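Some structures to go through are shown next.
Each of the next two complexes has subunit A plus one other chain: subunit B in the first, subunit C in the second.
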Partner chain A sequence: MTNVLVCVKRVPDSTSEVVLTDDGQAVDGRYAGFTTSAHEECAVELAAQVTGADGGEATVLTLGDDDAVEQLRSSLAVGCHAATHVVAEAHRFGPADVAREIAAVVREHEAAGRSHDLILLGNDAADSGDFQVGIRLAYELGRPVVNGVNQVSVADGVVTAQGAGPEGHETYRVPLPAVVTVLEGGVEPRYPSVQGRMKAKKVAIEQRTPATEPAGPDRVRLLLPPPAPSDVQILGKGADAAPAVVDVLEKLGVLSR
Partner chain B sequence: MATVPPTARVVVIGAGIVGNSLVHHLARLGWRDIVQIDKGPLPNPGGSTGHASNFIFPVDHSREITDLTLDSVRQYKEMGVFTESGGFELARTEARMEELRRRMSSAKAWGIEAHLVDPAFVKEKVPFIETDQFIGAFWTPSVGVVDSLRAGTIMRESALETGALTVVPTVEVVGLDTEEDGAGRRRITRVRTTDGDIEAETVVIACGVWSPKIGDMAGISIPLTPAVHQMISVGPCPQLAEQEGEISFPIVRDMDTFCYERQHGADMEVGSYAHRAILHEPEDIPSIEQAKLSPTEMPFTSDDFDPQLEQAYELMPELLGADGAEMRYAINGLLSLTCDGSPILGESEVRGLWTAAAVWIKEGPGVGRAVAEWMTHGHPEIDVNASDVARFHQHQKRREHTRLRTTEAFIKTYGIIHPSEQYESDREQRLSPMHESQKKLGAFFYETAGWERPHWYESNAHLLEVYGDAVMPREHEWDSRWWSPIINAEHLRMREAAGVIDLSAFCIFDIEGPGALESVQRTCVAQCDVAVGKVVYTPVLDARGGFKSDLTVMRLGDDHFRVVTGGAHGMADRKSFTDQLVDDGATRLTDRTDELSTIGLWGPRARDILASLTSDDVSDAGFGFLTCREVQVKGTPVLASRISYVGELGWELYVPMDAAAGVWETLLEAGSSHGAVPVGIGVYGTTGRIEKGYRAFGFELDGERSIVEAGMQRPKVKTADFVGREAYLRQREEAPRTVLCTMTVDDHTSASGAKRYMLGGEPILTRDGGTLTDGHGHHPYVTTAGSAPSLGKHVLMAYLPPDQAVIGNQLAVSYMEELYPVTVGSVDATPLLDPANERIR
Partner chain C sequence: MTLVLVEIDAGGVIEVSRETLTFARSLGDLVDAVVVGDLGDAARDQLASYGVRTVHHATGEAFDAYAGAAWAAAVQAGLRASGATHLLAAGTPRGMEVLAHVAAREDVPMAANVLSAEGSDPIVVTRQVVGGAALEEMRLAQSPTVLTVAGHAVEPRPADAPGAADVVDLAVDVSEADLVARVVSTEEPEPDLSGGLRSARVVVGAGRGAGSADGFGELLELTELLDASLGVSRVVTSLGWRPHHEQVGQTGSRISPDLYIPCGISGAIQHWAGCSSAKNILAINTDPDAPMVTKATYAVIGDLHEVVPAINAEIRRRRAG
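And then the complex of A and B:
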């Protein structure tokens, strides 16, 4: 039985045009809505798979304002069993602050008899992109850490984490307890089922206040990158475009002549 | 890709179901040089059409909406994009079963096949439904789904094929230019876009949830609000995946939980109207680039949907809980809502600038045809008066009003709405000067055009004892909801002594100037070239001879006419007159509604009461019927008009607003010794008029009825030209295809023993329940129902096939699925009470 803690962050959906808030401190989610990043969705899926395989408990944790409950419930609906909410204004917390808060939860849970053998995080946050929390958390807890993998399985007290590396496919075997940060692409996150959603609604969420005053992210402001040049190329219109389309398909290797 | 041309005969803004249908019908009706633009790409530019659930339940309590829906279904079928699935509307409660019985009335009245069925019948067609969750259902076999995007493409392409249409997608409107003409009316001249300007004399705003934003560019109000309708899609469900095609099971509307379940291939779509009203502003809808899915598929807020999910699961646990079935699509879809639930169609106060908005998939093609006909001929075949953009009063043009009303109404989308039910939000917008006095009298207020109107007065409750059973009490809660026997007591007292009625909601406008007579003559059927001081009651027609209104006109001077009309339809009437104003730079229409209050005084003692307050001659010889003149009422000058809508001697008194409260008190004080009481609109609008067979616009009179069919023709037709004259002359030569009749109910006893009283809308059948059909192919239904206390009868009005329009003919009315015997009492305008009109003298 592996008990997994998976950490998520409520972020604006940035799959369409990204809009910043007026003060440049955050991404504005008013049009696209809020979600968790694709990395974290995969981390949640892996948590569900690992605990589904050996009967362990998957706990989802977030640090965020009252609205972040939505992301906890969404994770509960797709396979997590318990949830912890550190109620705080996320933008006042830098990566070191967040790592310290997660570590505090892990220690307290452990003291209360709930160990988290495996801690899964997304590789990086979709809004602030700090790339730090996983490593800082592992350091804080004195645990081994594997970064940027997309497959995770657990057997005999060892976590096997795999992913693409610069030299090819990489596989790590690390003894538990451990921390792993996840990249999207290795697993297909499930959609919630109706019963899953109904069950998620009924789970009592553990609410906590931050353990320490945050030092802050020291962020001056966010800037949008210049819009990427459009790579749309119009091949033609109607039947006249057919030869050009065939050429492209051939070039892509999906068509052989 | 086409580019924006510099000129066009007509510009249609929007390429959703409405815009596409409109360009198709315009081209079919001979329009050329049509330019259609949309800010999105084709075929799905990102509006509400793109995410619509696309199913159609044809039965609605509104005749207008039903007609538009039936016409749309016909068009969808012609295009081959309609799949008949059948549909159930479930009842979980007895109150809902009663509502479904009432729905049967509407189905029969509109001639749509429907049946009340038991849960086992539903289970046979929808095997995955749990029958212990509901007690019965309303089955409509002709329910179906359409491919609205495909339909739009077919219609757009049919217009393109004729060469009449240029379509330019991904072009955004940035401005609408107008200019003023000699009669002070503005007209549209130009559409400004991100790709250049288009000069055009006709422009149609058909861009759904964005319409208010575009309307603002020309300074017109299109009062709709984008509102969220939540929808999820659960699948793949093995029970559905085994079936071929998009839909193989009937659609289920779970009426009491305000949600529906609609199969879509291997998925079950669950849509909800149960959540809180989630409204947006048109300006806050994301752009195509900002939106994750499309601009009108907003992020799903799952908390709002959770209660629905449990109810849907209870109804279909095996299906929605099937292994592998996941919620793979969930949106807060935007659709358009209006303050009164009707679409917004027609020409705006800016000439040449039209709107076709707040239209759902089920009405889209029908609306496209109706508006195209309206633009071409001046009138659509299907009467769409209730959807006329001209209907809105100033207070309704505020966004706040739309927000408040739609917030109140959203939860009633599948609700049980009593025909007399009043809105609670944004009331007290217009208060008559006697409002405080009326509150002290215990007035029960209804709303008309924003005005608070006493429907009856609790202060008259003591009359119930005086008149006993003559007040015709109603024992059934539904029949007596939004009603009081006090109305009938007030009625009897008015007939016995007199009543004082606040009519401040009337719309009043003056037409003055050298072209005043011609302007009025062009608009009205009746001869208005009469002596100064004459009062004329007249229909107003459209070009095919259908009713646009009925109202009164007073000639106050050679070049001065005053029009008095009902509040509800007053703004549309104002447009009818404005449209006919002589463009001489000197003839003007001035709205006096806010300056003048109207007080009615009627009853056998009305003359005694008025005489006690004035030294002016109010005798029949000195102040004849259908004349008007100024009189002093205790020193206040008021314009008095001797007419009556309740069939009694009396006057309408037009009083300056600031003096109206005083005159009201004076009349009540002076009247009390004569037995007069304040009387509410319950008498004025229903009991008083129905005993006299007076027709009302919106009930007996609409665009599909003629003067002849309504039994209102006069011996002669004036020689001066007026709108609809040719059609009217033709109608007079033809035998009517339907005849407006007045009937009385012979026996009210239901199977349970309780006496039931119809409220309007019920089908009229043969005595043994057989269907009747008139020469238009319509089935008769009750246009007005009400007590006639002076006759001791419940009276119904309905258009009957001519061969059934025979005095003494015995028919039946179907009410809540039971038959009640009725007898025809009048087959023309002859009133049941006082047929010689002696009381009016």
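And then the complex of A and C:
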């Protein structure tokens, strides 16, 4: 049985236009809505697969404001069994602060007899993109860390993790306890079933306050890149534009053959 | 002194590491490099031409297979040997990982995906966040300042005066714990066919809009009709629809064709980093406000699964006529 902790972050949906808060310290998600990043959805799926295979427990953790409970509930609906909510404003925490808070939860759970043999995180958060919380967490806990993989399985107390490296498809085999950071693409996150959603509603979520005062990120401010001036020539709409497109291809001399 | 973790492949110093060396010189200090594993004469000569003073070289059994923590130990040894106060790497998966290890071990912050740096004491960097849709100004007040440089943020340019690039072997203290998480096997890489993509005169691009692995038929047909290469977004490679060597962007190839035809690609900054030197861009997208459309030279608004077959048919009609 493997007990897994998977860390997810509530992030503004950035597929539409990004708006900043007035103080320039965070992305304002009030208009676009919030989501969990693709890497972390895959980490949740891997947590569900690992524990589904050997009867272990998957706990989902987030550090975020009250509304971040939504991310916990949706993870519970797709295979996580328990949830821990460190209630705090995530944008006031730097990556080292977040790692310290996750480590504090792990240590406290462990002291209470709930070990987390495998900790899964995303490779990078979709908003702050610091690329480091998992690695810092591993050092906090004195555990080995494998980074940026998209397939994870556990057997006999050893985690096998695989992903793309510069020289080909790489395999790591690391004894538990360990930390692994996940990239999307290796597994397809499942859709929540009605049953899953019902179950998720009933789970009691452990609420905590931060263990220590955050040092804060070293952020001066966020800014939006200046919009690029556009002088695009629209050739038309749909299939009707084809002749105009081919005229352009001819003009550019790329059709000659 | 600035120290750059340089990555090397069969072709020598990889392009993004050369960009990072160029960025490092702009900080004004002397530049040293740290290399883990095979170096080779060609790479050493490149490091000299990029102005590197000393190459701190870590070799030995501990580095036969990749282990992020062991590499970090080598970089830390490089920091001590060079006395560097700034540590840089390219924003590759390896660069991000190793520098995050170093930052954790040195207990200093790390800034990922930096585009520019200003001032000293403290250095304030501007870096990409929210997938490049926003920028963050970040203060790096502790020493060493640790940062990764976003791919293709600067042009790689050799130094006006070459450096000595003296190779000095590093004595690295690798602990057993540093080797626990190491690569135990590497499978045959996909053949790297990206050379053709990088030098192609015409590139047909495909993104999430292709819809599925089966959605490439008409795009491949257009590619063939134009004697072009196919380039794709990271979404497409992540989802396994197409192989990684076809990826264009910050973590893929940089292309500079006469014409790029991105179909169903939104034009995220990381993709743009790889295609911005195309001389003409003809975007096909359902969304008239997609960044790729507004930055393009020409655009067609519509479903690529309707537009592309119509273009293919029109090309064939004119060729027949």
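Criterion: the second predicted complex is superposed on the first by the 224 of 257 C-alpha atoms of A that agree within 3 Å, B and C clash if a C-alpha of one lies under 4 Å from a C-alpha of the other, contacts with A are read in each partner's own complex, and residues count from 1 in each chain.
Note that a residue touches a chain if its C-beta (ideal position, glycine included) is under 8 Å from a C-beta of that chain, and two chains touch if they have at least 3 such contacts.
Not measured: the values here are computed from a predicted model.
Student: Touching A:Arg73, do we find subunit B (first), subunit C (second), both, or neither?
Tutor: first
Student: Check the residue A:Pro192 against both partner chains and state whether it touches subunit B (first), subunit C (second), both, or neither.
Tutor: In the superposition, A:Pro192 touches subunit B alone.
Student: Give one of first, second, both or neither to describe whether A:Lys201 is in contact with subunit B, with subunit C, with both, or with none.
Tutor: It touches subunit B, and subunit C stays clear.
Student: Touch check for A:Asp13: first (subunit B), second (subunit C), both, or neither?
Tutor: first
Student: Please work out whether A:Asp127 is in contact with subunit B alone, subunit C alone, both, or neither, and reply first, second, both or neither.
Tutor: A:Asp127 sits against subunit C, while subunit B stays out of touch.
Student: If you stack the two complexes on chain A, which partner ends up touching A:Leu176: first (subunit B), second (subunit C), both, or neither?
Tutor: neither
Student: By the touch definition at the top of the document, which applies to A:Leu46: first (subunit B), second (subunit C), both, or neither?
Tutor: In the superposition, A:Leu46 touches no partner, neither subunit B nor subunit C.
Student: Quick check on the superposed pair: does A:Phe34 touch subunit B, subunit C, both, or neither? Answer first, second, both or neither.
Tutor: Once the two structures are laid over each other on A, A:Phe34 reaches subunit B alone.
Student: Subunit A residues in contact: does subunit B have more, or subunit C?
Tutor: Answer, by number of touched residues of subunit A: C.
Student: Where on subunit A is subunit B touching in the complex?
Tutor: So the residues of subunit A touching subunit B come out as 13, 15-17, 19, 29-34, 70, 73-74, 190-195, 197-198, 201.
Student: For subunit C, which residues count as touching subunit A in their complex?
Tutor: 7, 9, 66, 68-69, 92-94, 96-97, 100-101, 103-105, 109-113, 124, 128-141, 148, 177, 180-190, 201-202, 226-228, 237-240, 244, 258-259, 269, 280, 282-283, 288, 291, 293-303, 306-307, 309-311, 313-315, 318-319
Student: Write out the stretch or stretches of subunit B touching subunit A in their complex.
Tutor: 234, 284, 286-287, 289-292, 298-300, 302-303, 306, 309-310, 312-313, 320-321, 325-328
Student: List the residues on subunit A that touch subunit C in their complex, please.
Tutor: Subunit A reaches subunit C through residues 12, 14, 18, 20, 27, 94-96, 124, 126-132, 135-136, 138-139, 142, 144-148, 164-175, 178, 183-185, 217-225, 227-228, 230, 232-246, 248-250, 252-255, 257.
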